[in-house]
Amino acid sequence: MTPNDNLKTYSLKEMKNYKIHGRTDESQYPLPLFFNGSGIEVNATGSELWIDVEVDCDTHEPWIWTALNGAFMSRQMLLPGSYSICLFRSMSPEAVKNVKFFRELQAMSEDNRCCLLIKGFRSDGSFLPVSDRRFKLEFIGDSITSGEGTYGATEDTDWLAMYMGTSRNYARMVSDALDAEYRLVSQGGWGVLCAWDNDPRHNIPSRYEKICGLAEGEMNERLGAGKPYDFQSWKPDAIIVNLGTNDASSFNQPEWINPVTGETFKQHKEPDGSYNQDDLNRFKQAVIDFLIMIRRNNPDSHIVWAYGMLGYDLTFAITDAMNSYQKTTGDINIAFLQLPSTTTETVGSHAHPGEKSHARAAKVIIEYLQTILEA
Amino acid sequence: MTPNDNLKTYSLKEMKNYKIHGRTDESQYPLPLFFNGSGIEVNATGSELWIDVEVDCDTHEPWIWTALNGAFMSRQMLLPGSYSICLFRSMSPEAVKNVKFFRELQAMSEDNRCCLLIKGFRSDGSFLPVSDRRFKLEFIGDSITSGEGTYGATEDTDWLAMYMGTSRNYARMVSDALDAEYRLVSQGGWGVLCAWDNDPRHNIPSRYEKICGLAEGEMNERLGAGKPYDFQSWKPDAIIVNLGTNDASSFNQPEWINPVTGETFKQHKEPDGSYNQDDLNRFKQAVIDFLIMIRRNNPDSHIVWAYGMLGYDLTFAITDAMNSYQKTTGDINIAFLQLPSTTTETVGSHAHPGEKSHARAAKVIIEYLQTILEA
Amino acid sequence: MTPNDNLKTYSLKEMKNYKIHGRTDESQYPLPLFFNGSGIEVNATGSELWIDVEVDCDTHEPWIWTALNGAFMSRQMLLPGSYSICLFRSMSPEAVKNVKFFRELQAMSEDNRCCLLIKGFRSDGSFLPVSDRRFKLEFIGDSITSGEGTYGATEDTDWLAMYMGTSRNYARMVSDALDAEYRLVSQGGWGVLCAWDNDPRHNIPSRYEKICGLAEGEMNERLGAGKPYDFQSWKPDAIIVNLGTNDASSFNQPEWINPVTGETFKQHKEPDGSYNQDDLNRFKQAVIDFLIMIRRNNPDSHIVWAYGMLGYDLTFAITDAMNSYQKTTGDINIAFLQLPSTTTETVGSHAHPGEKSHARAAKVIIEYLQTILEA
Amino acid sequence: MTPNDNLKTYSLKEMKNYKIHGRTDESQYPLPLFFNGSGIEVNATGSELWIDVEVDCDTHEPWIWTALNGAFMSRQMLLPGSYSICLFRSMSPEAVKNVKFFRELQAMSEDNRCCLLIKGFRSDGSFLPVSDRRFKLEFIGDSITSGEGTYGATEDTDWLAMYMGTSRNYARMVSDALDAEYRLVSQGGWGVLCAWDNDPRHNIPSRYEKICGLAEGEMNERLGAGKPYDFQSWKPDAIIVNLGTNDASSFNQPEWINPVTGETFKQHKEPDGSYNQDDLNRFKQAVIDFLIMIRRNNPDSHIVWAYGMLGYDLTFAITDAMNSYQKTTGDINIAFLQLPSTTTETVGSHAHPGEKSHARAAKVIIEYLQTILEA
């Protein structure tokens, strides 16, 4: 291959025309992409475009996907190193190409070395401004929102980075349909009160107010993950909370024992199969507290609790908490939306919702948000 | 047409092999079909089959549909008179044909002369036993459950008998998919607490415990409509309540004035668009009371409150009432199911859900009930 | 039911504002509807509308369907007699309602008493002009085009009037999608050269140039069925010929013996399963001759031979004949279109294409004709 | 990332358990993947698997896609060099993982440096035998069969390697549905007689009998591309020829001039829009000759000429040629299948069929082949 001698290197530090997707510390260089759905978007002329990245990980390697002019083009594993990835070649140089580069893998609370940093681009063209979308949406969730199961065969049962993604998840589908930018805060296995295995440390609210409270360890600290998130900087029109699925599981799982302190935690069911009321109440309180936290940080956003893709078990508990919250606060800018549960026809890998299940859920959310946002 | 001299007349009084669909007073002769979805089913040999009916009405004429071997065959208006309708002719005489004859039109609270009575059949064959379906389902609702809008063009705005039906409504779709018999109790415009126009007399609970509390007047009284319904005679595996849509409308409609007493009724909204709490509370109490009534009469049935085909407005109020009911009674054999709201693509006539909207709602209910009934 | 004293009777003889669908002798009174898809259309005001008909038949009773404002409303069997059928009641009187009344049953070559005649209407409103559609389409075919199998259960095997229809056949779907009027000439079991049972008298070309060469006997003669059809009176933009399926069957069926003369006819296959060339050649010649006949009568119409809904067996024979015809005549205004064959998922009753199969075929034809007619 | 010290390198030279997809010179090491749809498949245990490749190109870089246990996992550009690509990591070591690695890019007649060579694998597990599929299918075509347009936005108009693929083309869909292995021989712009631009050298038949007659130049010669293809080594159950689309275009394009000799070539239309008969005849002769060539090399394969995804223009010419061929040879093991033309709803990038169009075509072929192969 004859090298393209016209390629020039552009550091993000010097560039003006690009758009960052996802929560991050925008003062960092290179720029960290913490979350699935985090990414960078440019409008570029030229025949060729490369992106310069730095990657590291231990067990869970980042995956990325790219879109050219809005169409899915590539999806691949990124392994540790500092290198360039070609985003396009041999194109008509004059035309403006819209290119998006997205992280597929969720923020990885279990792999402190996992990182994906953007240094800049190499191009033989120039960069033009990237326009804003019509709306801004924030999605908060668990493995469903991390897109776990949207890749992989239905018989696959490993818990694997490569089965996760935003390229096929409902958050992306909703955002594309509504012409919206989106930010995701999600972590597989986590809940509102506790995780699927009753680990009470693994609740999303405890991390929500940091830039990326899910990315831990010294390196992530240095990258700004632990800084307070500036809610003023990006005000979502709607916030979709898709949590409760792991809280429901915790009632069926063994007690969790803190490996350090020996303390235990367990959500109980009664012998008749009903939820223990005290345990259910602390779940409800966690929902209420999280709504208060979300509202405090997002005074004007429409908050939708969307629930059901892996079963409707906690419908009553969630709506009871939302009713309590609403009665106490008078906040009528909230809604509860039930998403169609996953069936054998719509399931993906690792017993998680597949692309078809995400598409069904997305349709419900799209149609609902149209009545709210486009009214 | 050469007359078929082999036809014999069979009165229901003498027949054994037939199945009645829908709530009715089975001691009556001729047999009244009060509700949409009420009907009669036979397995008949012979080349030809007729059904003998008596029909009357004032403004709102009954419509019926028939199915042969499970497939939709005809749909037509029935006008007053006593006559026979041919259900099939010229068929292979030996084969057993399953024939269903169903009322399309809802029980007509606004037309006391409206009636559809079955006297019997005429056949040149014989009648065989009709087997039971796998499940029994009861659907309670308003115009949605009466199938209003499932026929007619989207631009049609009359309130008309012929736009209603069970042949295309979600209750039939769900029942067919689950191999279930169904009974419907529905009335367009009615609610749990009051009607769309704030008329508090038009609430379904007040009629639920009669055979057909919606059919009024002397004739219907004589036909047994006002008798207590024998809940022991047919025990549904699940009861689907699809009410609340008209209660939601009442908050936006003018005060209702009792034409006789001058008394008034009105559900109010606050200036900020929220529901007046007192009014909302009496709606919630009506939901609670209705759940208590349903449960008292159906101790073992799974009760699903299915809501949303014309908007999600009262989701919080309904779930709050259900939570209260559940906390008070400990009844965990209930569920709340949100049905996809109707869009411009799925709307039918008279601004009501069309066949496509019913199909979407049916899918949600089918998939849910499969997890409950087939578990 | 209180009689509507405002109804006035309108004889077709006196009416101006109506549109006749389908080939017929428009000079007749009452007006005969010979074919499936034949019908009458009005734009009427008033609260109520009835149609006055005369019906007769022996074995095969006519079925009809009606549409209100373009939406399917009813489908029913018509039995012998002279009577009125109510098309709507209780509607807003001022609004103009478009009403179509269509024969479902094909012209019945095996029931000379079968007839459906229109005398006029009864209305309390008035009649307005009916506008023309954008295009005119003629469909020529066999049982597929007669819609056999579009009603009835897949396990039904009788050959029955009630399984036929235009309300669910591809000809209606195509016409609705393209905003076209349509005329059908079809007969179950018939072919281009001979019938499925090798009866050489049962070929469509021999009847094509009469108004309805398929309706035989004295009564139909009197109704004008045997008169030459005036091709100048209605010039189709496209003619869709869907024939060949029964010709293909004839190769697999026993010899036909003329019950009167004892003469026989049989299309043969060779021992290796291939078609006997002489027999295939006379089929091809019949295709050529029919194309010549169609073109002679319709100089400007686009002719599409559409084939395949019940197997692709004669694809080569038909295209060979069309190539021969084209080489001889230079006629480039013809096309061959293969329609998707029927599968177990799309089959209807009596082993014929079901509604889903018709919908798939319609889609192919619609998309093709759009490139021709809307170019 | 901690390196996996258990990885061992396996050269294809030493390995037994792998399956090669696509025509190639299997005696070569490293193994060349010449065609789109060419690839290699293994069943591997272990936690980690890498593939070792050598890549080169000038303008048109190869793209590849991978599947894990049958599910699409990645798609990416490969740039020149000799390197390893990780196919999976961190998986349960004991489980047997089926991994497929496929070339997306067609054989590139316009880039003689373009190559993709497989050297072997790196694994910490072992390799198990790969079972055969139920059927073998060969697809012969042009840009449609090269999957051009199955990636990219509808507004994209460049002629680009990355818009091509097998991961979304009809050949893969058909093969997956029928549990078949497939081999592709296709080249964008080429025809049976000549290319879209009237270049008579660019016809598929001239290259069909070599392993990869489309890959030219010294390097490809060395890789075995020019060797005769051994038709005995892999006998397809069916051969699907999807050619004629570019031949149709040639009638509308300017004369081609041989840049070396000055000779010209042009398929003409008459002033009335019809095809010049002499030119059409040489196209037909090319079809006949190609059928003879295919049959000579594949005596028992069912040959389907599938045509129409970009218009039905040459339907008569192709069927006329097939009829001639059949009359001359008596070969009844051939069929003509019309594929649904691409519409604005199903189009992909570069005005080529998109994924939806491929899915529609695949469905027609699948249903047809089921009647042939599974009969």
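Order as written gives the chain letters A, B, C and D; numbering starts at 1 within each chain.
Operating definition for what follows: a contact is a pair of C-beta atoms (placed from the backbone, for glycine too) under 8 Å apart; a residue touches a chain by one contact, two chains touch by 3 or more.
Owing to the predicted nature of the structure, the values given are computational and were not obtained by experimental measurement.
A.B. asks: Looking at the contacts, which chains touch chain C and chain D alike?
C.D. replies: Chains that touch both chain C and chain D, as defined above, do not exist here.
A.B. asks: Where the CA atoms of chain A average out and where those of chain C average out, how many Å apart are those spots?
C.D. replies: Result: the chain centres lie 57 Å from each other.
A.B. asks: How far is the middle of chain A from the middle of chain B, if each middle is the mean of its Cα atoms, in Å?
C.D. replies: Spacing between the chain centres: roughly 44 Å.
A.B. asks: Taking each chain's centre as its mean C-alpha position, how far apart are chain B and chain C in Å?
C.D. replies: Computed from C-alpha means, the inter-chain centre distance equals 38 Å.
A.B. asks: Where in chain C do residues touch two or more other chains at once?
C.D. replies: none
A.B. asks: Which word fits how the chains touch one another: line, ring, star, complete or other?
C.D. replies: Per interface graph, the chains form a ring.
A.B. asks: According to the definition of touch, which chains form touching pairs?
C.D. replies: So the chains that touch one another pair up as A-B, A-D, B-C, C-D.
A.B. asks: Using the touch definition up top, name the residues of chain B that touch chain A in the complex.
C.D. replies: 272-274, 312, 315-316, 319-320, 322-323, 326, 330, 332, 335-338, 340-341, 343, 363-364, 367-368, 371
A.B. asks: Help me check something: in the complex, which residues belonging to chain C touch chain B?
C.D. replies: These residues of chain C touch chain B: 1-2, 56-61, 63, 68-77, 79-80, 86, 88-92, 95, 113, 151-153, 155-158, 160-162, 349.
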